[in-house]
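Next, two complexes with chain A in common: one pairs it with chain B, the other with chain C.
The block that comes next holds the complex of A and B.
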């Protein structure tokens, strides 16, 4: 069998690839290399080191790896990804898709519409609404629950942003699972039901094996998005006392507010590495699945 | 055929865009006479009076004056209404990318680090020798000129200065059996007043800014006035204050008011805590609040303030900040304060540096300065204006007569803002319940890392 299915020939195939490769080079590879370089200097936003940055070797990297605030931030990010993306968005998204799978009409349209609306609204608008909801002094939630003065964003900052991000991003998982569930032949489910399988058994033995690829792809995408998500900043700014300072917020706080651009670049590069590892794990899992299927 | 048509379309689109782009900037005669002013001020919000003065008086007047000279000048105002730290980041990024407004409002304390970074240039380098000939210099006292200077070079024109005092609510004081003309003579008397207010059911007796969310306000309104009250300064004789007994005394005072429930930790932790504390003071929920005269003229101001108090004149009192004990303050003083002030600088990347200087000088003329006081009375940098207006304003007269003679200034060094952050973090540790020893030790280590252990006093 010919490997050149489109019949382009090597020259034209390269021609098609070049624009994409140039874009990737200019906007991805070069900035990544530049970040590594900046991370090796004491570059600052203001002061002498802004005009004349000095090469400091791996100092920023070792400082970051030894920084307690970085460790805390990494751990909070893991909680944020697991809580809001893996459990929250993927779990809730699947639950909604499953519950609506053979419904049609107004109920489905309203539910889908509301979930989608949370996803498509601009993040600053959404953040403002959530602050109005959770504010300790005049918040809507306190008015509803009659718990006046309970400062949700201060006493439970992580839980607040996990909940917020779940609400915000469930739409993607819901739509992806909704489409995936349509690929499960109804006859298989019917057969399983007739054989007396419980709902859990149907999910485990019929549905999940069929949509495993979709689930992994979804988890890969939303984990990476959530890992790098900055919207939570607009709710808590990483506070109070860094208790919701996930990595992107940490980088912003040290690099731009604290002015330590070199140190911020070093941390950014570490985050890039973590993202690559995360992506590799998922891709490995996906490939393993294909190997079995073939 | 196809590619050709596409190119034509692209070219047409680019031309159209270019036409749009240039329409706004080149006006009239063809030479580019546009200027932009920026400040952390916005109509209906933060520093509204400054924003309104700039838009409604300054810009029309300047354009008119230029028109009389036969020049068609277009001036625009870029408003901001955010926390000072965010504004600073924005301006630094603007200047770093060689963009930004022609005339920029800065806190005087940022001048050093911006100058060292090469973001701003001395005024006479940016605009030429006419700067030194300006009539206004003779009207600005040396100490006030220092606000816009770094290493003996003038980078900015100071707008004025201010002083820190204790504001208190006389109605709440009456409820707690405290005098209407309150003047504490020691830290203990502040705590005593707080205790009495608490007993009388005032939700938050004291608000002394603390924590990192408040940014420089914590240092300027809280930590530093307390520090000079122990007789010590943040920077003296070439050395920075480390985890010394004086710093421990300051942290100890914070710890005392937070553990005794006299102050509200959450206000210090919230992202919008400072704005909230203003609102709560205006709502009569806070007994005593330490602030600069900015609070009087721009926050609780009955008309344009962000948290207006209609009964400001009758309800709000002000007192000097006492030293730890009488005579324990810096220079052996009984009372202390801190001062700073904003300056305006020229953007060295301005396309019209001469014209920008003309506008800047006009902004600081006696006429413009006086006009700027209509919405918002304050202590200006010009002696001629102050002599004329301050006598009608008891609060500002109080600051000018009683506070400025005993005040202290922050060191105009580039590393200061980082030391300030370390100090804020130490107070944040206290707010979240850490001990004085722990917080002081962590602070000491940070300062030693910043300036080198040999430059720290302990």
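The block that comes next holds the complex of A and C.
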């Protein structure tokens, strides 16, 4: 007897699955395996090793883990994720959503519209806008602040890309938190207010416990996106002197500019592992919450 | 004591939910706000609590003017229709929440929560979360949270409406007894007049943001001050029949009745009498409403009979086993002493 609910039988069920599995295999599993394989060779963009890559074992991995530039890049990425995603996008997004929660009319529409605009514009366009904003000679910001000739992207490259990515991605957090705040019953907030709770106490006792799941999901998504975000390259290209070289930019620089494809593949795989660990930690936290709620 | 002076609340968009309202609620009184849906009961309660800011007028609680104070500094506790228990806190923490905000030390507030809980028979449930409680238990936890912080007033917004009919009767008795014991001024919003009549010391009947009558349940029931209250209060609606005083007698719906006190010849009035005070008789009576039985409704231990008297419908309540057959001719004879007469919508019977 078949036990499947649809009553397809094993053969036909497999038949339905195969196209999806083939697609996943071709476009996801194969590139991942290929990356692992490349990471074990000395494959290069040009030269002899391009035609005939040799197997070098774990050499690329040990080299990467011992590379000062990789360490710096990892540390910069952590700063980038914490600064622009966790504090910047999530913090600002929540603040805007909270401020707008029972506001309606033009103020709300204008703020939401502006924030969303930053999210939907193509990245090459916004990169150009920000370069125009921050440029040392003709930049809008310098004109506004009367700090002529101050090269923001050169003097504060990390701060620049953190701010940029915050501006760019806040919309997602704002929308998600906005929807989450709708699920907080007004009577709960009012009960807290009647008890004399301050805004901070209302957030701590009523709002955060209720939207914890939304917060974790949001943090997971924006952390992973920011970790892998390449748009910053268009502002600073990792420079000057690698001072804003976050991991995706580092990989691009070593693999395509430096030509060391094998080495780049090894670093890519390491990044993949870090992402996986990040995701697992968040999922564990999320599951912990379900356990408590049940 | 709660006093309201000229209290007005106008929502953006121009809805006047509370309209220049004056009211005094005595210390320790159980006061019910009663009225049809949308008449502004909730708005009035929320304005007293400070959850809505008054457009005009003043609110005074216990002698202190609180009109400009935020809700947290008015020292009132509110129980919402949905109870508003915090789902991630257990019963103890929920009950002790207002005390925690007031920085009462943990041991003290937990003792207080346990004491309040035992008073409301919740001692077994202290470690549970709200999701693990029945509706009635949740309601008692919400009450306990309101009681534990010893506020100057309780504000209840239809706290019984989520209970089933039987539980509601129990909760009524329980709540009334509890309020007696605590003697805390209580404002209770309901659209269920049975609840208001059963529990309240005094009732305010509201309509469209205004108070139509304030009085004890007996006053409001027996002597409705105007035709709105007369038609609103009572399990079966009062007969309100237009009549005219002529030649020293009151002519109403084909009946000629003795002229009531307080009205003069030539005046147009409305004659009001509860169906319970109509007796059904057979045959013709000069001082009765003769008509044809059109509907007979079963009320359990009695029947509500609707007579078609030509232009008007007259209702009478008859005991069991005495109900007429639909279509039969009958005559409803009023008990004159119970009759009320309204002129221009206001009661004139002394």
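Operating definition for what follows: the second predicted complex is superposed on the first by the 273 of 294 C-alpha atoms of A that agree within 3 Å, B and C clash if a C-alpha of one lies under 4 Å from a C-alpha of the other, contacts with A are read in each partner's own complex, and residues count from 1 in each chain.
What we mean here is this: a contact is a pair of C-beta atoms (placed from the backbone, for glycine too) under 8 Å apart; a residue touches a chain by one contact, two chains touch by 3 or more.
Just so it is clear, the model here is predicted, and its values are computed rather than measured.
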Partners on chain A (chain B, chain C) - clash or fit: fit
Partner chain in contact with A:29 - chain B first, chain C second, else both or neither: neither
Partner chain(s) touched by A:209 [first = chain B, second = chain C, both, neither]: second
Chain B versus chain C as contact partner of A:187, first or second or both or neither: second
Partner chain in contact with A:143 - chain B first, chain C second, else both or neither: neither
Angle at the Cα centre of chain A, taken between the Cα centres of chain B and chain C once the superposition is applied, in steps of 10 degrees: 150
Which of chain B and chain C A:201 touches, first, second, both or neither: second
Superposition-derived minimum Cα distance between chain C and chain B (Å): 47
Contact residues of chain A, present in both the chain B and the chain C interface: none
Touching residues on chain B, where the partner in the complex is chain A: 85-86, 89, 92-93, 96, 110, 112-114, 116-119, 211-213, 266, 269-271, 276, 414-415, 417-418, 421, 428, 431-432
In the complex, chain A residues that touch chain C: 185, 187-188, 190-197, 201, 205-206, 209-210, 292-293
Partner chain B, residues of chain A touching it in the complex: 44-48, 50-51, 136-137, 151, 153-154, 236-237, 239-241, 256-259
For the chain C and chain A complex, residues of the former touching the latter: 49-51, 70-74, 76-78, 80-82, 84, 86-88, 97-98, 101-102, 145, 149
